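Encoded as structure tokens, the structure appears first; notes follow it.
Labels run A, B, C, D and E following the written order; every chain starts at residue 1.
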Amino acid sequence: MSDELLVVENLQKHFPITQGIVFQREVAAVKAVDGVSFTVNRGETLGVVGESGCGKSTMARCIARLLDPTGGKIVFDGVDITRLSRAEMRPVRREMMMVFQDPYASLNARKRVGFIVGEPLEVHGIGTDAERKRRVQELLEIVGLNPEHYNRFPHEFSGGQRQRIGVARALAANPKLIICDEPVSALDVSVQAQILNLLRDLQREFGLTYLFIAHDLNVVRHISDRVMVMYLGKVAEVGDGRSLYDDPKHPYTGALLSAVPIPNPELGRRRRAIVLEGDVPNPINPPSACRFHPRCPRFVAGTCDVDEPQLRSFGGRHQAACHFPLERWPMTVEEIRRPAGSAVAP
Amino acid sequence: MARYLVRRLLWAVFLFMAVTVVTYVIFFVTPSDPARLAAGQGASPAEVQRVAERLHLNDPLWKQYGLFLKQLVWQQSLGESFVNRQDVNDIVLRAAPVTASLVFGGAVFWLLISLPIGIISAVRPRSLIDRAAMVFVLVGVSAHPVWIGLIFAYFIGYKWGLTPITGYCDFINPAVGAECGGPVQWAYHMILPWLTFMILFAALYVRLIRANVMETMNEDYVRTARAKGAPEGRVMRSHILRNSLLPVITILGMDIGLALGGAIFTESIYSLPGLGRQILVSYENFDLPVILGITVFSTIAIIIFNLVVDVVYAWFDPRIRLT
Amino acid sequence: MKTDAQAKQLAGAGADGGSIVADGLPAAAVEIRARGYWEQVWRRFRQDRVAIAGGVFIVALVVAAFVGGPIAARVLGHGPNEIFANGLDVTTEQPVGPFTTISTAPFPTAPGTKGFADTFLVLGADGQLGRDMFLRILYGAQTSLEVAVLATLLSVSLGVFLGLLAGYFRGAVDTVISRLTEIAMAFPVLLFIIAVAATVGERLNKITFGFLAPGVFTLTVIFALFGWFYPARIIRGQVLSLREKEFIEAARMTGAGDWRIMRSHLLPHLVAPIIVYSTLIVASNIVAEAGLSFLGLGIQAPTASWGNLLSAGPTYYLTQPWLMVWPGLMILLTTLAFNLLGDGLRDAFDPRHTV
Amino acid sequence: MALLDVRDLRTSFKTDDGIVQAVDGVSFSVDSGQTLGIVGESGCGKSVTSLTIMGLNNPRSATSSGQALFAGEDLLQASAHRLRELRGSKIAMIFQDPMTSLNPVKTIGWQLVEAVLLHHDISRKEARERALNALVEVGIPRPEKRIDDYPHQFSGGMRQRVMIAMALINDPALLIADEPTTALDVTTQAQILELMRMLQEEHGTAIIMITHDLGVIAEIADDVAVMYAGRIVEEAAVTELFNTPRHPYTWGLLGSLPRMDVETDHLVQVPGQPPSLLTPPPGCRFHPRCAFAMSVCHSKAPTLTTAPGSPTHLDACFLDEGAKTREAERLLAGMGARAS
Amino acid sequence: AVAGTAGTAAPAKAQSSQVTRGGTLRVNVSDTDYEYLDPALAYDSIGWATLYTVNMQLLNYPDKPAKAGGNQLVPEAATGFPVVSKDGKTYTFTVRPGLKFSDGSPITAAAFARAIVRVCHPDQGSPAVAFASNIAGCTAFNEKKGNLTGVRANGQKLTVKLIQADPTFVAQVSMPFFAAVKPTMPINPKGVDVYPSGGPYRIVSREPGRSVVLERNKFYKGNRPANPDRIVITTNTDQNQSLLQVKAGQADYDLGGIPAVQNGPLSEEFGVNKGRYFVNPLVGTGYLALNTSRPTLSNAKARQAVNYAIDRPALLRTRGKFGGQRTDQILPPSLPGYVPADLYPIKGANPTKAKQIWSKGGEINFLHTTSAASVNYAQIAKFNLEQAGFKVNLKPQPFGVAIKTMGTKGNDIDIFAIGWIADYFDPFDFINVLLDGTNIQDTNNNNYAYFNNPKYNAAMKAAAKLTGEARYKAYGKLDVDIMKNAAPWAPVFNFTSRDFIGPRVENFIFQPVYGHAILNALAIKK
């Protein structure tokens, strides 16, 4: 049994934009995910960050096969699931669950908690009715709810409690991988802390593997072993939490880090490294070569807009896709704007 | 936009074919005797036979349909009535303005009444005014058009003599020697039909407007407008109404498209020589060409109005692009 | 003591990693005692007196029609389809007015009428056949309600099914169903009804399943055939937005199939719009039945329906307006009741409308 | 004298379920050129507070009392007409969701011009000129082109810039920003915060910044008020609040925040959920979730009192001075110990 | 036997010479429209009612009530009745000189020749070919196999040659189909709506589906009345509303009739034939066609039983007051040859007698049309027949469908409720047209009883050849004979026309043959 639970190679997802009168032709595509490769090891948490619209959710839904990938390969637990049919996917679904962003929308408001949490068991035909009920109550207890809540409806719970129900559902069939798509971004700080702690404890107890998506760098840092930064459907940088946060190589990562407000007035107001201009470009027409180049403070004409940078290693598992990686962190504004070795294309 | 129009047009052609073929098939399934009707009750069997031949009634179904299409495409002609040999084009074109008068005038009426009621109801939900208005309008929609028509004609037209009881006057170009004509007489004769039409539709629109306005009132940009210091009237006019009327446009277009196919009851009660009245007469006589003609017309009306709705919608709502 | 322990947990920032999950949350503080969805709906609905009145009226009507009708016939001693020669006034040959006692003799002018019994017409006679208007109204209620309710059931089921398919699968299925909708809208309905009446109508009319009035089945089928697309549109719209909700994705994630998702996850959310829509469409079906009767295509004689009673009325409207008033009023009140009920339900189901 | 002086503000809503006391005796003040941050969890009454000041609550369900003195004039007593005059010209507001706060069927130019014309008797052309300037000021590229665009043609960040332009177009003395960056990406948030800071420097506008993100507070606020369940539990200058937090709830807020500069295994967990304002707990509203709750907390509501030695630092807690400093230090130490 | 006298026409208010000329007469035509105004095509009662005021014919019925000879042909354009050759095959008409069309051009024999040509012309598609088929060459011409040889116009002389002698020819040639038209009037299968005419009025305009406007023909020199200056006819009105209009004086008369049930109240309010409300008999019979080809009714006894079983007064009452006169005979009383006979009970049903005659009962499919009156009519018939031991299935069908169903040989209908109104004033039009079994074809029959009795077939053919009194006598006998012994019908009633005029008008004269008010005689009161 290999260490790698999930291997994603060159994953692509393009949403076609069609046009045509009788026959629909594809005239363009939203390149939501455009060649993402990474691996997740058993028992680890891979955090994924990036600005809104950079393809995090799309990637997650491709991996979960809620969407059919356009290209690339997804190997889960040694099985290539990229092209499995619905029926073939079924057994895989037991192993891979998802926790969603919106604790309100992700629970069916017309169904009782027992049904919601027990659904994976029912769908996969695990256990008898009575066993299932017992299991659900057990799960409720595990996520810190009262087993008596079995017969309640979701709206009788607060956001945090609902998210616990969502977690219980994900746990029900004893999965190996849980994909969390922004599981705490809709929650208040105090409740967010409860859920983050819960996820951590569960991981420890059951040896779970997480693919954890968030746009809050603080949260990702807190929960992840490794962190992947995405930009416009591509991986910009990936590495162990500490090395990535303490020594970012990609200017985009640097920009993200410097944009995060720090709850410390003295510290926060001093540090002002990179403020990005403009918004994330349209993924229908992504910029050529390095997709970050129009916003990049270290942009070098003739290189960044011509050559697409590949991921390269910066020691250990730290990789970044940049022609002119940052030399150190934090750095001054002047340093940022003057990429060293601009002549030396790697 | 051009692409969009082409697509709509292709669909229209398909819809047209589907509807006319269905009409033909139904017509053939029905054991009617148009030749006999055309020849007259006293006609001899031989004469009926001759009429049937002249009208191609003995040809197989596909051949008759082919003839119909050929005529339509090459001569832009819908053929002639079995019963009185009138050009169906003429029949439809003569009746259409009457129905249009009824529908568009009615639409103005029903919007005029449902807009204020709908808005007041939305601004003061469950108030006395809201309740009273709703019940009043619901009474209207719950009653049958014939019933309303008769009661209006009896009281307003006959008892109080405020309006003509029935009849129609041309807006322009009244027939030679016609009793009346011109815009004033036209409107005067249309008052009761419009009122009836208004009652039939007002309830739906009051409801629609009320719901939409209530929904729009809670929108963030309405709060933004208030935060800018805009007075209530302005907020209602510039921010709430425009947005809440968008869905109304869709329904309005659909209703107008459908109603243009003929408002059978209202036209019958008030003797309006429109499409609805005409189609009733044609149904009674199994006058296939006229039935087809009106069906084609109303199909086109529905298609056109759906198109108009889309275009108007796109014009009203910058978020929509027609593709 | 307790304070200390918890303080540690609060301030200790997980130093001991104690199982936070295990000791859970202080339940009393957390539990939000929210009301059930249906309970809330009922609470809101209960406050709406007008809607309640509508509901009560409908229940009363059903009882009057299905229980009261036969009882009244028994008490009065004649049925709703019995023809009375004396139901017509001798001189004007117009139906007699309300509260008239007439002889059951077969010839109004023939000698020897004395030998026959008298019978009482509560609301007078219904028309040139001199039948009992009161009983016909009661029995007509049965027919009209049967048509309206069954047609609603059928068209709404069909519409919900197709709308669900269109909204859920989108793409080709949706296109096909949308096109069907447009064809159905442009369809020459009247011609179709005439054709049906002339061909299979008679056979259809005979289908009663042992309890329906003759002709009810035909109208039900016709109304369903041309009524499904309104609910289908509504449901499709709802499903289109529902299917994007995360809980559908969550269900798919658990491995649930399409049918399971449609049945267990989408359908429960459609209950409210379906109920609301159904009450409203019942009203319009009652009016539609009356409309067809005006064209001679409604329920066939001698079966009474409000539609055919109403359509017979206008010829008397100058002299015996009540012949038009009774059925017209019943239709009006009933559709009004259904509409009010529907409106009330809509408000009750839509929490945004709480003040 | 403070520009805005809010005294004992209370707002309640009539609902089907009973009376919701959304704001329950809130007092604070803000000076020109200063930024007051109001922080608290969802539903604690931040938005209601600001809407009450603006007079934008639905008059048919909301009742308010107290005072909101704006340049000495009580906004709660002002006529509707007077309020309209002030709104948008002297006091402006921006809202959380830039996606829905602009009218989708009007061009942004129209909406900006409307804002000007509502308060100034000038020509449409001049108003448009001003609108253009405002767009330039908030950093919209190619404003002459974009002014005739519709909101949906803008990204979220750009829309929020438009909202700011609209708020500042009449040069208000006070800007109330209700979570202006919550819906935005961090990078865009940084841009917007930067922009607000810049504009404040230029115009000397007073800002009330409402947020639930302590990070944002730390970045931009001069003073902070921490709200919990309709009440202010702590009020202080920003550095004081972060250095010597005095209320257990503030501790919870600070401790439960995952921070990338501090590595922790477990976050501090404030158990439970914020209370329902329909039936708030008696006494101190935080007591059911408070690790330090004493019996007095169950029955008696603490009032805001100044901290010894720091007259501008107020908090509402019965804990004794020693416990407050001790626990605060422990918390900060716990976080600081792991700071890399 | 004809029961009841209420409906028979009392002499109309003496046609006084004091009536005013002038004004506009406003006529409604409820629930229908003109099919054609072209004389070669118009073949419905409202068309004829209108053409009556517009056209000039060789012979015509005068503008008088029946009693005053309104049902007797008199020469109009012709100087007198035609001269008939010995063999009865050649008719010569002389047209009066000095007659003019409404455009001032003269009316000569050519005008009438043109009318016949138009009727026979293959491209005109006239329904009247059947009435002209006896004219030499007409059929051949119509089938494009020859020329119309039988018609010659020479100045004022019109000669018509027939294939065989036909006593009804004069009656047929007096139908509006053969009215004078300009010799230049085109052949047009769609019909010409506005054309110069020779009668008291001319057509000014027609808006199909809406209106027809007539104006007085200033070139008309005849003595027929032409009281209103113009006549504005609105078609497709609603009967109920139209009645309101007539009551209120917004309209003067409704050619489309009045709602059946309003006759009682109207007669009560205005009296019968007293100035506003009129009842007059029509030349028509409402009957139940008893399908002799079907097992149940193949036995004459069963058909007689039906005649005993039905309750004629009750059936009649569904048509409202004065809806008709009960009858048990085929021929209407107003037709020459009619002999009253007491065959079956007409005062009410006699189910006992019916069962006596025919005790086997049987299942009856009863076809009727879907109009409200028909439905009621069928309800009563069903009740009656069931009293007499039959089992009845009602089959309502729209009129167009019903006549197709019934006109097809071998259909499964036993009884068809229908009526017949004469095209021209001769018993032939009832007996031979409706009951001659030798005419039965596969489809399009109007012998709905499928009555095919060789004895009667021969008798009918023989009667048709007779003329004068002998002819009428033969038909009268045949009528009684058929009904008494074979009973292929159950005659129910003879139609009446019930008319109501507005308060503005007077001088109502009923045209007994065409069955409507004479529009040109109606006068607007001062």
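The rule is short, and it goes like this: a residue touches a chain if its C-beta (ideal position, glycine included) is under 8 Å from a C-beta of that chain, and two chains touch if they have at least 3 such contacts.
What you see is a predicted model, and the numbers here were worked out from it, not measured in a lab.
With contact taken as defined at the outset, subunit C and subunit D are each touched by A, B. Farthest from subunit A in terms of Cα centroid separation is E. Subunit B and subunit D, compared by their mean Cα positions, are separated by 54 Å.
Subunit E has its Cα centroid 90 Å from the Cα centroid of subunit A. Subunit C has its Cα centroid 26 Å from the Cα centroid of subunit B. In subunit E, the residues that reach two or more other chains under the touch definition are 240, 244, 247, 398, 401.
Multi-chain contact residues of subunit D (touching two or more other chains): 252, 255, 264-271, 273. Touching two or more other chains at once are residues 158, 161, 194, 197 of subunit A. Within the complex formed with subunit B, the subunit C residues making contact are 50, 179, 182-183, 185-188, 190-192, 194-195, 198-199, 283, 287, 290-291, 294-295, 310-311, 314, 317-318, 324, 328, 331-336, 339-340, 343, 352-353, 355. Of all residues in subunit E, only 239-240, 243-244, 247, 259-265, 267-268, 311, 313-314, 317-321, 347-349, 370-373, 375-376, 378-380, 383, 394-398, 401 touch subunit C in the complex they form.
Every residue of subunit C that touches subunit E in the complex is listed here, in rising order: 83, 85, 88-89, 91-94, 106-107, 109-110, 127-129, 194, 197-198, 202, 296-297, 300-302, 311-312, 314-319.
By the touch rule above, subunit B contacts subunit C in their complex via residues 11, 14-15, 18-19, 22-23, 26-27, 29-32, 125-126, 131, 134-135, 138-139, 141-147, 150, 154, 203, 207, 214-215, 218, 258, 264-265, 279-280, 283, 291, 295, 298-299, 302-303.
Residues of subunit A touching subunit C in their complex: 61, 64, 66, 86, 89-90, 93-94, 97-98, 100-102, 105-111, 115, 119-120, 123-124, 141-146, 153, 155-158, 161, 166, 169, 173, 194, 197-198, 201-202.
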